[in-house]
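Working notes, beginning with the structure itself.
A, B, C and D label the chains in the order they appear, each numbered from 1.
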């Protein structure tokens, strides 16, 4: 079988491991032939491709990024986009297509499926917030990177009696903040799922100080929100910091605002750290390499079972096949059970910084 | 409530995270008081203990080992052992006891429970082979360490056209070999669950060589067994290498024997690496810190729910309570589904090194 | 002898290793007694101290930060500061004092020496820019952290065809940018010692693109300066980005401005990463642990040789004693020989981004 | 100019960084053309080569091993070896040759130089024991790996009240043991330069135990020797452990023997760890990448200055050119000044384990 493969959306540790697993099992077990389309859907729109064989996937397992490169190009957003994809598939005589990506990438996969393409999806989101699957690869690596950064920041906070506010990825879901915050021993963890009151954050830090702990670590997801309960008081206006006309560089992000507000309220020296792009690069953890490999093996099996319009998913530690429509229709946010982990580790409720839902 | 806590058996990254979670939630949520018994059950036999409060657990989350130290002392193996444990508990006015350990430690916990002690267990095995629970902490850290070692060894193997045989932990179950072997891109993975034929191992390496790959990585669990299918041929006698009267230092272990046999059969330069104790020390991974924390939070909740004679367990990503007897009665070995992962990544079956069950 | 010890200025991996070496050799070889003053000179002004013995320094070698904590408090900046320090020393019957710190800390040490205190200095600057000594501890650790971050960022840059601008420490000297930039394979390295022309930076990236390399890594020291050769063209005004009234959080720093200007000029997607505080925390590298230990051993020997008013220094790989005045009088910037390393790795001179001095 | 390049002897982190620096500066600055000979001198004997250009060296900086592969083949050891090398150089019209390797590799380079070949050497030894140069690349990486392993082993030793004996590289010189032992906080460091008395080693551990430290870490270089001062007592016979007919796998090495002897004498549980091949693989540290890059830049400059029969060397932090004959004629062992570092950190002399020279 002649199979196309592509990676779309933001890069994520483990993409190469998926590609390698697909190609090895495809060749060794099924005798397949592979064409890699470059830079996500752009490769299908512009017919940019390269053959992928055992040599090409040799040695890529430990490498971050993706040998097929990636982009956020979305064919649905241009009139002839889907048609050009179909034309490219036909021109290359592709029997079926494996698309590795997040919500956006997989929604295009679904559109192609509806136009008759034999497509199989592999979920990818470093934020771990894709519906229908328990864990996505890249998330564990990101948590390890953040956790290591928190260990580093701890020593500085302790040496200087400082509050350190560390901003991590997570626009819509707080998985990275929650996991790495617990792993890194954060004293306050702020996630999009639970708006926070900055007065209470400051108060909990002050009380910690009074218990003899002269430093604190605050982990905040980039998408965390101030509670609007007490306007003008608990909720500083985000525009305060001056907007950046540049757009993609986040100036005056949540960490900087929060650091300013905590320092104002407590008088303790407070610093912000924005981890940014280092969270998604580099060599995947062992867990992510195994998980990505399992997704890849699952996907190539799905192709040969004819499970098209479907995505490989992890459920209760097994790889299963679910409908693409099921996966892309909903986001997976942090549930109450996990939020209670944070509360379980912290002083009693009245001192807690976040507002229970 | 006055609660005793101890850690028994081999050390494991995450033990301190369990202790910290138990103590924080115990104090913050329930107002408990904690006594740490030192060096596992030895601390109960000899009444060696220390108070454990918030200060004691401050900063221990990222540290390997256990602040309570550990030992393999088993009170069941001396006539008055259990009685002395009971006496110590009474002397210290302990209301309930949290025991963190593996099979051996938990079987003592069960005995004490049968004698009326309000005991709760937390599972610990770096080998991930304890029945009743999906994952144990320490395993992920060990896999990361092995995976990193395999990455290192790869560069040497490739530079020198060598076969490298890497021995990892796993006496009865091949979880570490399987996970880290897949994560590290091993070409052959040998586990206790599936005896292997050394001729076939050599043959698969030779065929790999003929495909233009002049190096190979073999990962072997310390408990992997030669298939006895063809005595005198596939199965070299382990005693060949000379026994060590010293006992605890493994000389002529499986890696060394296997390296010798592969070199004999293929003529390729072959080297052995025995990873040994570095697999279980050091700072836990983010995953293990979260998992250990969840076990700790679960255990202290169980104490206050009165779930005695039980153990915290992870099932389908939730912490639940199971009977101690259930956990200690069976070992969890690598199942066929996971073994098929290895096969999925390798050349076709007739070249495979291991004997299907 | 009764010896005081303190750490001042910003924290730096290796401080604990210095303290440990001083205390071990002091106790084992000389039979000294140690008093640690807390939070740098603040501890002397406010008489905050703690005894430091073998137990206190047990296990601190691998830890970042400083067990004595630190601050930027400078007694010279308050009228009675120096007098209060002298009073504290007398009150504690301190025979001699070991001060570990940078320019600022050591200039106070010199003032106390001029007032009769038997003081010995140990140089500390993560930027490696202190005069009189070849290497300072902490620098190697910082370079490893930055280098690892560059490795991560590389995979993202490559996967997305992006330019990544990474801002690292170095207000006055570009040592971290130079070393970690070379180690991390940066395509452009910008340091305070050599002002740069942003048009040439953009041009060199464009030419790289034309040679078929669709991504680029720019490492920029926080103190790097735009060349003012062509006002209005090569030199964007820093105030453009909007000043932050908060002060200590650097918004619109050099990385963000540079990213914007490169994207404007090249049209390539460009992102900024500001590494910030993670560069100075965490466990020291082996090199820094050995170097810090050597400084500590040197300092305690100097105390017992009577080398007061002096600082331990590393020269041609030997620890020697130099006058404090010599060290604090001059800054050590990147010299031409090291700058030529960058040029040696890059395309021919006419394409280079930086302006030769 | 058409330049040959090869890597010989054991692999070492930083080899690829040398190759990259040579090729980049050669092409960018001098317009050179490069031929890589494969697998060290074997490539010259058997005329195995590959062109090396900018694409080939793209992305190799962070990778361990060597893209040119390596071997211990020595042309001097076969009658026609040198002649065949000369023939290959002529056949490929090589103007000059850069040989990267240790003693053995460079002695062949010297022989070729004596036969008229324009050869330049780059020193390589992970043991840091090559004469004429202050530091060699790979050594710092090895020390970091060992240091990290010691950190791990510490937590286990402490948790179990154990003595851990860790064997590291160093047949003739104890640099790795000394540096990583100091960095890892070892309690006893045993190096080839100073034979040791096992009774004194055991005694120093016992005294440490009596000071309340119930665990100890012993670092031993593979080439460390028992003192023969008291035969039958201090010096166990190495053959005790049973020889391995296999040869290349070290069974009953120094660590295992030492562990047995310490346990016998102290009664403390003692374990051995042999780090082996993981010490030389993997990604080089920042320090080694910079150092290797400097050697590479130095070597290509030497070619164009006509410094043949010479080797790039690091002296007082500068790259200089020295005669090959000077470098290969002597070994650089640990000097007394460095040995005194160990003594400075340990209890008083009468308890020390090693015999002063």
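Following the convention adopted for this analysis, a residue touches a chain if its C-beta (ideal position, glycine included) is under 8 Å from a C-beta of that chain, and two chains touch if they have at least 3 such contacts.
If you're wondering where the values come from, they're calculated on a predicted model, not measured in any experiment.
Peer 1: As a test of understanding: of all chains, whose mean C-alpha position lies farthest from that of chain B?
Peer 2: C
Peer 1: How many angstrom between the C-alpha centroids of chain D and chain B?
Peer 2: Between these chains, centre-to-centre, one finds 33 Å.
Peer 1: In whole angstrom, how far does the Cα centroid of chain A sit from the Cα centroid of chain B?
Peer 2: 30
Peer 1: What are the residues of chain D that contact at least two other chains?
Peer 2: Each of 151 in chain D touches at least two other chains.
Peer 1: Give the pairs of chains that touch; include all such pairs.
Peer 2: Between chains, contact exists in these pairs: A-B, A-C, B-D, C-D.
Peer 1: In the complex formed with chain B, which residues of chain D make contact?
Peer 2: Residue positions touching the partner: 7, 10-11, 13, 15, 39, 63-66, 69-71, 145, 148-149, 151-156, 158-161, 164, 241-242, 244, 246, 248-249, 251-252, 256, 259-260, 263, 271-278, 280-282.
Peer 1: What residues on chain A touch chain B, complex-wise?
Peer 2: Spelled out, the residues of chain A in touch with chain B are 21, 24-25, 28-29, 54-55, 58-59, 61-62, 134, 140, 143-144, 146-147, 151, 179-180, 182-185, 211-213, 283, 285-287, 289-290, 293-294, 297, 316-318, 337, 341, 344-348.
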